[in-house]
Every structure is written in structure tokens, then in C-alpha cells.
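Consider the two complexes below, in which chain A is the common component and chain B and chain C are the respective partners.
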Partner chain A sequence: MASEAPESADDLRVQIQALLKGQSQPTVTVLSSLLAIQDDLHYLPNEAIEETASFSNTTINEVWSVASFYTNFRFTPPGDHTYEVCWGPSCHVKGAQQILKCVQEELGIDREGETEDGKVTLKYGTCLGACAQAPVIAIDHHHKGRITMEIAVRLARELKS
Partner chain B sequence: MADPIKLTIDGQEIEAQPGQTIIQAAMDSGTYIPYLCYMPKMKPYGACRMCVVETESNGRTMTQASCTTPVAPDMVVRTKTGDIQELRRGIIDLLMTEHPHGCLTCHRIELCGPQDVCLRHVRVTDRCTICPKNERCELKDTVRSMELDLTNPMEYHFRDLPRHVDDPFYDRDYNLCIVCARCVRVCEEVRFDTALTLVSRSGTALVGTSHGTSLLESGCEFCGACVDVCPTGALVERDYKWDKADTQVTTICSNCPVGCQVITEVNKRNKAIRFRGDLAGEANNGQLCFKGKFASDYPNKKGRFRYPLVKIDSELKRTTWALALESAAENLKKFSPDQIAIIASPRGTNEDNYVAGKLARVALGTNNIDSALNLNPELTEGLLPSTGYGAATNSIWELENSRCVMVIGGNPTEEQNVLAVPVKKAARDGADIVVIDARETELTRYCKDGLWLRPKPGTEVTLVGGILRAVMDEALEDKEFVNTRVDGLQDIKQELWSFDLVRVAQITGIEEDQIRAAARAYGSAESAAILYGADTILAEEKTDLALAVANLALVTGNIGRAGGGIYPLFGGANTQGSNDVGANPRFLPGYVSVQDESARAQLSKEWGARIPDQAGLSITEMVAAMADGTIKAAIVMADGIAPDQPGLEGLQAALDRLDFLLVSDDFPGELSHFADVILPSAAFTEIDGTFTNLERRVQLLRRGMTLNYEERPGWAALAALGRAMGASGFEFDTAADVFAEIASIVPSYAGISHDRLESGGIQWPCADSEASGTAILHGEPDEAFRPRMTPMSIRELLDVRDSEYPFTLAHGRVLHVPDHPVDVENRDGMNYISRDSYVHLHPNDASSAGISDGEMVELRSKPDQDGNTVTFIGYAKLESPHPGLISVTTLFGEVASAMQDSDDPDPAPRVRGLPLMAVSLTKVSVPAGVA
Partner chain C sequence: MTVAFAELRERADRRWRELNDSAWVRVGGGVSGEAAGCDEVIDAFNSELASVDVSSTVSRVGMYGLCYAEPLVDIKTPGGPRVWYANVTPEQVPGLVEKHVKGGQPVGAQAFAYESAGEGQVLQGVAKFQDLPDVAAQTRIATRNFGHIDPQDLLQYIANGGYAGLEKALDGMAPDQVLDEVKGSGLRGRGGAAFPTGLKWSFLSGNPAPVKYVLCNCEEGDPGAFNDKAILESDPHTLLEGLILAGYATGATKGFIFIRQGHDEPINAARKAVADAYEAGLLGENILGSEFSYDAEVVLTGDSYVAGEETALMEAIEGKRSQPRYRPPFPAQAGLWQKPSNINNVKSLSYVPQIIARGGEWFKTVGTEKSSGTALVCLTGDIVRPGLFEIPMGLTIRQVLEDIGGGAPGAKKIKVLQTGGPLGGVLGEEAFDTEIDFDAMSAAGAILGSGGIIVGDEDVNVVDLTRALVAFNQFESCGKCFPCRLGTTHMLETLDRVCMNKAYEEDFALMDRIGSSMKVGSLCGHGQLGYNPILSAVKFFKDEFDACIAEHAGPVGAFPDGSMITPSRTRP
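Let's look at the complex of A and B:
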């Protein structure tokens, strides 16, 4: 870590400290602190765990046990765009698996996560709440319904470029 | 105690204490309930569900975990019904699905050897016979007690997790983990470190660290508590990993004055292979530290002295005890009493020390006898005028119930590790921790805002005086106690006029408000204890510190009160005992001053020799006297002395100047190098004897290893020397004989004997064989001594710095620094901390040296007598509280790595403390491109 430019790491810490102190709710917990950081940075860097430990007067391991418990926390930076494919029951019946497969092929990954260039994050959605429009995807949280494989691949290609 | 609760377990009517859980009541009455996550002295957790029982209470029948269910009146508990057994079998099946269990469910488990052909095709690496915990595995024992259906074991899913074998001292293999969380819980709720935690959730939950980092980064203090509680082979000590114990014996750790009761496992080849904290230990409650757990195996190491040696023509030659003693006696007779000194070992038992003291006075005619680590005798002896006893007033585990603990100039987390455990527990329970120290230590992170007072080095005593003044100003004194039980209030009231808070603030650099806050925290707590050491205290101030601390405790009524008291912090496993039994230049056995005419005469009569009336030289004076040639001959019991110990720096060079040196040691080392006669000594695992710990608890050491050569315990060697010199009164057969003589001479030991100690330690004073010892001094008004407050004086800053080394370096050490990154580097398969430290400077100092924030600086310490200097390089951070004070905080993990790598047979005494140093400061110019 010493090899990192100290200024940027320090800046990140300052930013995290500001987020920690800026929590306005009456009860501030480890969980609320982590959420506050992730809301802003979209992920929890190492520094977030350390600063939260310092802030809440506990240890990094205790913070980590909370952070690692929840699947919603992520510890690597997300891609520039998110591409969420719903695989809830309705979408599944309407062919979500095939859509997912060709999107993964287009993005060049075989699971959830970021593409190699860090541009797109692929996520599986358990239900995006628009079953009437199945199959559904969401790009940067904007829903798109009645998706075909062709559209899904085209949208993925557009995000990639 | 509340009325016992009556209940029925398996048809047997028993009585249990309210608040006990069913499993505890069952164990007390001799009923076995299988369990895996339950652990005595830890909170119930209910993770494994192995301990389910059927309960019938208020007409309802339920299946409940017996470790989390409290007993209730008239409860009926059934532990072995068919349904319950079936349920447990299902549970253990599930627990084992991810633990290799081919062997656990095999009927040949007791018959198999590591190389046998396996009819079940269990992989070699999955077999119990090659597991390091085989034969001491709780999982195996539990499974065997379940009488599983062996024909149809469940499928085993191998998790294929990486093994962690690169951290100091112990290995972690989570493929064997059953996630009972005992390790996580002991680390969190007993040790308060949380170096381990549960990671992730549900089926993937596992023990781990933040981001899977090494233990060096996670804040591990390597106490090994997690290893001791692990029921499987997941956590195992690395040394002697696969060795099997042949015998085990309960003895006392020889590393520090806490006196932890430790179970020593000895294998068939007479090696001490493992050390476990004894849950029954009164002083340690089952806990150990990195030294006691992982660095106590030194008696096994090769190269020990096995036979007496005598120097002939500058070469050490093997000889017999008779000849060695004869040569020693002859040589010693050539010197006058004033020219001879005895240095007793910090690991010497009471028996060793008593005989050493007697030898000095009776056979050599001198009072020049001191214990090697009795470097700050003022801390204990300074209490004699105040409390009447040169010892801590209360017991170690009372500290967990204190409502305020003040720690002055000491670092118990490292030096007296287990003593810090109850302090941390008190902090966790909401007690205020006040630390007066320029250094950052592990306890400073437990201080609430503003209660870590960092005075200018050298002004600590003045600060304590200021706190005392603030206590009086705010009327926080215990008036009733002071008026009825204590003398001298008027004297110190007058003295306190000079401790004007404005002036104290000016001298110490601590603001008035902070002094008052500390005074309120201490003075208004229901019970408040003080731990005080001399790490940062200047020599001139040590006696005053003891007086100041005693005054503060007396004025607030914290003497004689549970959870209160004062605890001097010193080094050496038996420094307390050595002073008690007279291995002390100023005191005869029982703290009788050598200048006390009548007492001296009486002891002279009993010993049959005239005892010299002049106080002898203290350990530090001895070293100086050896160096200048006043002392010409010495006997050094060298076991456990590190010559580079702060305070003993000149010892090695001084010994070189002697005309005659007799060393009793177990290993060749720097001290035996100059010896004319060497007597091989027995190590702490090989002797019977007693240690007295810092809470005055006399505890029994038991011999676990046999002596196969000619090593002898210290008392036997010294008694033989006494006889060789023609003195009488040295006819002892056993350590118990020596102790019986101690008990007949030292009044506070009078009721103690080896036989009585077999069933547990006893805290002196213990006047007769009926008395049970004294946990709290002055708990009842003491007829023999009335506590007295003694004035101390205010001092301006005492300065040890000079123009060349104008800064004081306060070197701190902590377990982890959450807001600083730590780098770990793997070299040759082991992890090491490699990181750039921060050097904390005062902005004024930085600007006058032309240093700005973040620049690299070098600190160089003033050379010691041997010309050695210490250097530190780090990045400047401009946040020191006082001009002239520089602080550096390093990580404890570095100590662990260094100890692990040490070639020294006995590395524990060499763990450096954290003394203040005078240093110079320079800016390091880094060539462009390197940074």
C-alpha cells in the first residue's frame, strides 16, 4: 500500500471520514456507516473498513464480519454501467436464461461481475418487479421490457464501446 | 448466595445455582451431555446444537439446547431419550459433512496407525491418524460418544481451502473447522482483540480475518487462546505439531509476575511440547500470553549445560559437582564480604531465593544480594510507609469489576500480559481507563476521550499530584475512610498547596480540564484501581510515584476495597517472592530491614551466624560496582536474564572485569561466557518449588520433565555451595524442606506449605494453617499497621536530554492501527510486517528542523555504554502534543515475528520493553525517483 500515491489514498480517507461524519440519522451503526459509504462510492474499499472501525471504535475484523455478511456490499469498484438481467420466474419462463447466456457471451464473462475493462457490471436480478413486461433487463437502473436476444446483445455491445 | 434450585436430570434429583445453565448443572452432577461450542468461562452461544435435551417445565415438554437454557425450579431434564439421541446423530452428521470423517465413523479408529492400509479408501490426508489433534480432538471424542450407525456415513464435501501456515506460532487449516466459533468468541469476549471473526453467512460462513489478511495485520496478540479452545485440528501450535503428550503436569509459567497456571504436556522423549492455560488457574483464569504459550519450550533446546564446568587455563572443562563446589568455595574465600555479590534469577523460586539470601548472609557475610529484574524496587518498597506491605494490595481478577483503572508508566499488555485481560474486560463493561503515558500502548485505545494523558516525559509524578489535588478540590475523597482508617491527611493537605493546577498544567503540558476529568473519573468511581510501572519514570521519581499512587488510593478509599487497590508493575516471574524471602540487599526475609537491630539479632540466632548490618548493593549498584572494580567476585543465577534488558545494559561488560565469577545457568550465553565455574541449572519445568506472583499468591511449580544429567535446582546448588564453604544450616533434602524453613521465619508465609499449595495458590499474609490467605490487604482494619499518607514534593521538569540528542522518543507499540495501512510481505513462506512508520513530531520542532508533513526523517538514539544506537526511519506527521517529544508507534506483530525467528534458546526475556530514549532528529533526503 505504501507504493500507492499517498495523496490519493489520503484523499479517499478524507472523503470516507466526511461520509461517516455526515450521517444525519439519530442511530449511527457500523451497518449505517457502511451503507453511507457504499451509497456514495458504490463499493467499500479497504480504507472504508479501516475508517469505519476507527470511527465506531471497534476493530477491522468486527466491521468485516458485518460487511461480509450482506451480499449487497461489494468490495471492488463497480463498472461504469450496470446491466441487470432478471431471472425471476416470469422472465425465466419467457427465456431469461438464453438472454443471460448471450449477454455473457457478448460481454466476455461467465458469471456476475465486471467486464475485464471495468466498463460494465453484469448482475442477476431475482425479480425487477415488472413481470408483465417479461423478459426484463435494467441498464443503469432503467428498465427495458419485452427484450429479445438481439436487443439484449445490441444493448450490451453499445455499453461496451 | 441465592437459594439453590432443585431439578431432575435423568431421574436424578440435583441442586443447581440460579443462573446456571442445564449443561453446567449436569456437568456438576456428573452427567455427560455432548457439546462442541460450549466452553466453560465463555458466554453460552448455542451454535452446534449438540447439547439438545428434552425439558419438562410448567407442564410443557420442549427440546432445547442445554448450554443456553437456564435451570428452572422443578424442571425435569432428559438427556438420553431415543428421540434426543436420534436428533443429535442427525446434527453431528451435518456437522461432519465438511470435516474429513472417514475415520471418525470407522470402527477401527482406535486400532489404525498412520501407515495402515485403509479398507475404506480414506485419503491419507483425510485420516485422523495424521491429524495433529488426533487423541486430543474433541470432535472425535464427541462423535465416538454418539454411537453412530457406522455403515452409512454421509458424503463428505472437501472445501479445499488454503491452509494458513505463514503466520507466527500457529497454523490454521479451516478445512477442519466446524464453525463452533469458540476461537472467535474467546478472542472477542475473553481477550477483547477480535483478531478473528466470522466471515460471510449461512453455509459459507467461516472463521477468518478482514479481507483474509494475515494475523499480523488483524491485531492478533498471539496469546494462543483460540488454539487452546479449538475442538478440532483447525488451529494447532506449529512447534511439536504432531507430537503426542505422554504426561501432563500443572505448573506456573516463568515469564512474568502474573504467575499463570499452565498445563505442560511432556512427551515420551522428555520434552515439554505444549503449554495450555489452566482454566482452574486463579491468577490467569485459563489465559496465557505469547511468551507463556509459545516461548516456554526452551528447556528442550539442544546445547544445555549438563555437567558442572570449571575454567582451567582459560578453557572450561567438565568436572564433578564436588570439585566444582570445592573450587568455587576456595575462590570465594579469597575475597572479603564487601567484594562479593549474588545476583538471583528472575525465575528463581522462593526456595532458590531464600537459600541465596541465606548463603549471602551466613556463608559470605554480605548483604550484596538482589534479584536481577528487581530494577525498580522503589515501586514496591516505596509502599512500605504507606500501606505497610511492599506488594499489590488487591488481586488480579478483581480488576474486571473495577469501575476505573488508571495505568501509569507501564505497558501491562506486553510485560504482564494476562494482567491486562481483566483491565480490558472492565473497559468493555464501561469502566473508565485512564492512561498516563507519553507512549501509545495497547491500553490507550480503551481510553475514552481525553483520558489518555500524555505528560511531558519526566513529569508523571507531578501530574499524579495534580490529580490528587483535583480530587481534593472537587471533594471526591472518601471522608469516612480517611478519617477513621488513615493517618497523615493534614501533612499532605499542606503539601498539596504547591500542586496548584495552573502550575501543574504548565509543568506537565496537560490542560487543567483534562487533569480534572481524570480526577473525576478516578475519584468518583465506585472502585478504582491503579497500575503503575516505571517504564517512563525517571530514577529520582520512582519512590515519589509509589507514594503519590498510595496517597491517591488512600484518599479515595480505594485501599481495602474490592475492585480498587494499587498494583506495582515489575518484571520477573518471582521478583515479588525474592523480596519476600530476603533475596534483597535492604531487607531480610519478611521485609525486616537489615538495620533493624533486634530483628537482625533474632535471625542471626536462628541462622547461627552474624548478619551484616549494612544495606547491600542493589542490582543496578552492583553492576556499577563490578564495572569500577569494587566488587571482585560474583555468583549469578543467570536463567531468564537477558543482558540487553533495559537497566542491565552494562552487566555483560561488568562481569568481564570480575576476578571470579560463578554462573548457574541452563544455556551457554553472554553471561556464562566469562564464568570461572559453571553449575548446570534445572529449568522451571524440571523443578518443584514456589513462585509468588504480583498479587502475593504463592503457587506451586511441579516437575514435569525428569533430570537425566547433573542439572540441579538453584536452591540445591546454592545449599551445596554453602556446605562446601563450611557453613551450617544448609542441610535441605527437598524444596518443601526449604519452604518449611521460610514459613518458620517469614510471618506472612507462616500458614503456607507445599502440601497446602497442592490444592491451589494462597495469597500472603497467611498467618497459620487454618487461614485461607488474604485477597485484599486492609480489607479489615489492620491491627498491625495503620495506612498513612506521606507527602511528596512537586518537581519542575527533570530533563535527561542534551544538546546533541535534544528530543525524547516515546516508543509505543499497539496491536493494530485501524487507520494506517500495514503491508505484509511473505519471505521464505513466513509473513512479516513491512511498513513505513510514522514519526509524530510537534509542528514547532518540525519547522525549526526544516521538516514538513510527510517527509522522511531519521531518529538516532544516544549511544549506550557499549556505543550501540537505535535508529528509526519514518514519515513525519506533525501531531505530537509537546515540543521536544517525538513518538513512534510500531506494531506488536513485529515482536511476534522476531520471537518466532529468534535463534536464542530462550527468546522471551529478550522481548524489548519500551523505554524512553534521547534521540536526534534529521531529515532524510531521498534521491529523486526512489520514493
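Let's look at the complex of A and C:
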């Protein structure tokens, strides 16, 4: 679970420093540090980049180069819920494009990102890993397979309300 | 047998007896099970059994591989047959508990298959599990414990012959003998390149450096393939034992298991397996009382398909952008942190415990002459029985599609296959009689690769499918080599025009030129093979491409304008 939202930017730094130091695995790197922070905060604020650079004894540029490379990292807070639709080839064959379209329409957005009220983040997954249950979606990281357009729209509507 | 292992075996056997001495409900889990709704079924069993006075265990086991039957539940009562129930809903659970778990009477009308506990035990009107066509066709080596044991329980793995290979190696085999056994098995790498595993290991064992690493690649970004993650979810100790044996044979000091973040179930299973192995003395200093010491760690990467390439993988473990390195130096000379390293796929390592326990000669009896052993095939798409099936090498693609997969739903015709991941081939019916082995598949213009076979029926438009593959490759290009970065972008843009009926004959010659530049001008397979999907699709389905560029043909694809929804993120 995410920690409580910090009161101030200083609190945020303290929280990030604790996350950096709290990494218990033997191999600690810039990437592992960024993953640990995003795991908790669900995004990487500027403070995360700066603190990781100082913790790893490297430059802010170096940390940005890693953070901007991996597509799981995000730099603004996500919506309250994440709705991920797989567009990998197995799901494509089973109608993922139509499912993407109707979820977009239900959420009222035409791209990846947050709905206007910030409630839902829509993501396109390159492969969610449950290909035998295609088409697959994941809501708040919980996978659901054998999705139809009707189910996809109903689930999107439930998240909005 | 060493004292340490004998003690473990005894505890394991006791645990296995206890499980089988009362009612045992096993529910298939994994990401596939989760997507099919297994957790709701497990909750229903737990709450139902809490109010019933009967001694029982409910286990979330890994996947058996019969994904079409999920949620798949099997129930075994002492002395009774083991009975599988397919596509179970939470509503069915009270009845199954009342009649089968509590009453010991299998619910024949709802049963999917059974395995008798002894001679003469028959369940009328229910198929024998081993006689199901998709079970009978399998030879299960790497997946032998799938759906059978709780992947979180080290003792259940040991009770089923686990760590016997490691014990045998440490108790009387020199590292070179282990290496020779793997060489003699004919095992070839299952990550795509099909390089002989024993030969690869010998590059590392011949290096006298004091610190050496074995890296296990479970990045598995290939859409349509989930067998690596399935091994971690369903039987992580099989992989870990293989990783330890690889370390022993090559004289390595540490093994790394490399997985993409976000795949929580395989990640947690691997972490627990490593922690339990340390606690049992199967990792760390002086393993099982021997002179051999070895560490293991699970390392996560961010989302990047190219991180599965072996040198990019090392960059990711070091915490950098996962972009490929120049070779030489090769990993066996200077790999992770410039130390000699060896990269193996999950599947390759998962065969090793059985190869050591039963001998390389035994492994050679399975499969074909040049491709020994089995293939872990992931069947998905338009197929009656999607799932993960471990088949001996040498079956034809058609046998897999028909005997195991049951053909396309609705008696439609299977038109197209996509094999070997998004850099692999797009195959038409002429290729369906190809034998599944590394060399026969390559000769047919396909690669076996990671083992994914995506099936498309007669309604699938091949041009649109090819565009989806190229869109994936474009999105995932790491950007280091410009022929790949720009080439995949141009190809996607061109295929978009083909799908929108706005392309010309000359566009194909242009893609051909781009494709050959990518092949010679890219550091890794992503660019070198990036033209494969188009090349193979045009070979088998030229008329379908021609139809798209004919005048007034109209757009193809999911939407009337021929467009496709793709991720909006682009990489610098």
C-alpha cells in the first residue's frame, strides 16, 4: 500500500530517503531505487530523481536517463484506479482494439492517461502475461480474462462512479 | 545421501503424507488462473470449509497448463480418486464441499476428468485425466510438478524428487562431470537462439576468474508466451535447482533471476523460493555440507522488451538503461560488472535437475536427434483449448493445433500462426506440417523461439496482424541503433498506409530496403529480426497484401478508417 501523502516537500524527501535506505536486497542500483520509490508513491516526483542521484552518488542526468527509458515509470500521480487493457498480439487477435475503443469512449478519453476527474488512469499493456485468457484487462493490477466489450464497459463504468 | 539432505527428505515425505491423509483441494493459480477467477473460487472453498467439520487443505497450486479449463480445481480424498472440475464458479463450491470433500463422493456430473487411486476404481462417464488428448500428447519434464504441488512449499518439491539432482551432483560428481552430463544431453537453449547449453557453460567453466555469475533470464517480454513466468509461478524450485547446478558446473559464485517488475506472482514465488532455499541450506555457504558455496538473488527490471537481450539484461541488473552492448567482449569473458557471466533462459535451466538426476542419455531419448527434449508451447488466440503444453520435440504444428488445441472455435479454419514472438514469423497453412524442432522451424522461415503460437482463424486479417507485431516492435525499440529506431517507425507508418488503402506497390520495395538496413545495422536481434514478421507474412499471404493496395479496396483492421490504437509514449 502507498504511504500517507506527505505534508510538505521536506516530508516527501524524508519519505523518499527512507525508501532508498530501506532496500534490503543485496543489489541496490539506480534502477532498483527508482522501482522502490515508484512502488510506494506510484510515481516519481522530481525529489525522487534528486534523492536517488545523491543516494547513488551519481548525477541527476544519469538518473533521468534511466527513469525516462523504462516505460513503467511515470512522473505525475496516477488516478485512483488503473485500468489496463492488453494490446499484445494474442489479445489483438481476440478483439483487443475494439475493447480499447469502447473503454476509451466510456472513460471519455482518447489516449493513455487520466480521466478529467483524475479517478481513472487508462494504460495500454504490451503484454499482461495471461495470453491464454485473451482478451485480458487488469484493474488495479488484478487480471481479468475472456473479456467482452460489455464486461469491459461495465467495469469502466463501475470505476468512474 | 548426505545427512543434511536425508533430514530434509524425511521432513518432506512426512509433509506429503500429511497432505494426502486428509482431503486436499488444489486450485490452479498463476496469472492465468487469476484472470479466469481462481481467487474467488479459493475464497469460496476457504469460507465453506471453515464451517464444515472435516480435516482438509486448500492449496493455490500453479497452473496445470489447461488454461481453457480454468478455474481448474482438483479434489482428492484419502483412498478416493483425484477428480478435476473445470471452469468452476464460486456458486458450485458449496455442492463440491458437501458431496466430495465432506462426503467423499465425487460429483460425476460436474467432473472434468479423474485419476484413480488404485486398480478397478472407475468413475462412470468421466474421462481419465491421462487420456485427455491434450494431456496424453505431453511429456512433462520441466512442468512435471505443475498443478501438482504448492509452489510456495519447498518440502512438497523435495517430496516429489526435488533437489535430488543437486544432492547427486554434490555427493560424488565433479563439476566437470555435471558439465559433461549437460553436454551429453544435447540440451539447447530455450531462449530463442538454440545454442547448446553445455557448450555455453564450458565457456564460463574454462574461465579461472574468482567471481563469476550465472544469470537466469525471465524477462519474457514476448506477447503470446508465458512459459517462463509459469515455471516461476508453478514450480520455482525446479528453476532454482537448475540455477544452482549451473553454478556448480561452471564454478560460478552467484546466480541472478531477472524478472520484469509488475509480474507480482512470479516475482514473489521466486523470492520465497530463494529465501526458503537459504534457510534449508540449499544456498549460501557449504551447500548441503559440501565444499560448494553459492548465492542467488532475484533482480527486477523496468518495462523494456529489449532488456531480455543478454547484454541489455546485464545493463539492467547494473541499474542502467537496458540497451545492448557491443560484443566482444562476450559475457563469458566480461559480463555483469565486467565479471565472466553466463545467461540462460528459465526453461533451459529447468531441465537441468532432471538431466542430472536421470542422466543426459535419458534426456536424449525424448525429442528429435538434433533437438532433444521437449518444447513448452503456449497456444493462444483462436483455438478451442488455449494453454501451456509440454510436448516432445518432433510433433508437427498441425498435431499441436488439432490434437492438443482442438482446432479453431466454431469449426472455422485456422488460417495464420504467429510463432516465436513478435520478431518471429507469420505462417500460413503450407507450414503447418513442419515438425516442431529448432532446425525444421528455422528452415520453414519461422523460429520456435520462446514457444508462443498465436492462432488466427479465417476471419483474421493478416496485414492488420502484421501491423500489430510491427507496432509492438516499434514501441519496444530501445533506440540505441538508428536503423532499428527509425526503421521500425517507418515500417509501422507504411503498414498503416497499407491498412488504410493508401499505399503503393513501391512501398514494399522500400520496406525491403529498410529491413535489410536494420539487419546489418543493428546491434541486437530486435533490429536484426525486426523485418521478419513482414517478410514471412508477405511470403505466405502475398495476395492479402496485394488486395490492400488495390484501387478502391477499402481499409482493413478493427476500425472503418483502417487505424489502430497504439501507445502514445515515444522514447527519446
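Just so we're on the same page, the second predicted complex is superposed on the first by the 153 of 161 C-alpha atoms of A that agree within 3 Å, B and C clash if a C-alpha of one lies under 4 Å from a C-alpha of the other, contacts with A are read in each partner's own complex, and residues count from 1 in each chain.
Heads up, the rule we're going with is that a residue touches a chain if its C-beta (ideal position, glycine included) is under 8 Å from a C-beta of that chain, and two chains touch if they have at least 3 such contacts.
This one's a predicted model, so the numbers in the text were calculated from it and none came from an experiment.
Trainee: Determine, under the contact definition given at the top, whether A:W87 touches first (chain B), second (chain C), both, or neither.
Mentor: A:W87 contacts chain C only, not chain B.
Trainee: On the A-aligned overlay, A:Q98 touches which partner chain: chain B = first, chain C = second, or both, or neither?
Mentor: second
Trainee: Touching A:T27 in the superposition: chain B (first), chain C (second), both, neither?
Mentor: Touch partner of A:T27: chain C, not chain B.
Trainee: For A:S65, using the defined touch cut-off, is the partner it touches chain B, chain C, both, or neither? Pick first, second, both or neither.
Mentor: In the superposed model, A:S65 contacts both chain B and chain C.
Trainee: One more residue to check, A:A134. First (chain B), second (chain C), both or neither?
Mentor: In the superposed model, A:A134 contacts chain C only, not chain B.
Trainee: Please determine whether it is chain B or chain C that touches the greater number of chain A residues.
Mentor: Comparing chain B with chain C, the partner touching more chain A residues is C.
Trainee: Just chain B (first), just chain C (second), both, or neither: which does A:N46 touch?
Mentor: The answer is first: A:N46 touches chain B but not chain C.
Trainee: Which chain A residues are contacted by chain C in one complex and by chain B in the other?
Mentor: On chain A, the residues that contact chain B in one structure and chain C in the other are 65, 68-71.
Trainee: Over in the complex, which chain A residues touch chain B? Could you list them?
Mentor: 1-2, 6, 9, 13, 46, 49-51, 53-54, 58-65, 68-71, 75
Trainee: Provide the residue numbers of chain C that touch chain A in the complex, in ascending order.
Mentor: It comes out as residues 31-32, 34-37, 67-68, 70, 220-226, 229, 256, 261-264, 295, 297-305, 316-322, 378-382, 386-388, 418, 422, 452, 454-456, 460, 465, 468-469, 472, 475-476, 478, 557-559, 564-569, 571-572.
Trainee: What residues on chain B touch chain A, complex-wise?
Mentor: These residues of chain B touch chain A: 188, 193-201, 209-211, 218-219, 816, 818-819, 821-823, 835-836, 854.
Trainee: Where on chain A is chain C touching in the complex?
Mentor: Per the touch definition, chain A meets chain C at residues 25-27, 29-35, 39, 56, 65-66, 68-73, 87-95, 97-98, 100-101, 104, 111-113, 124, 126-134, 136, 141-146.
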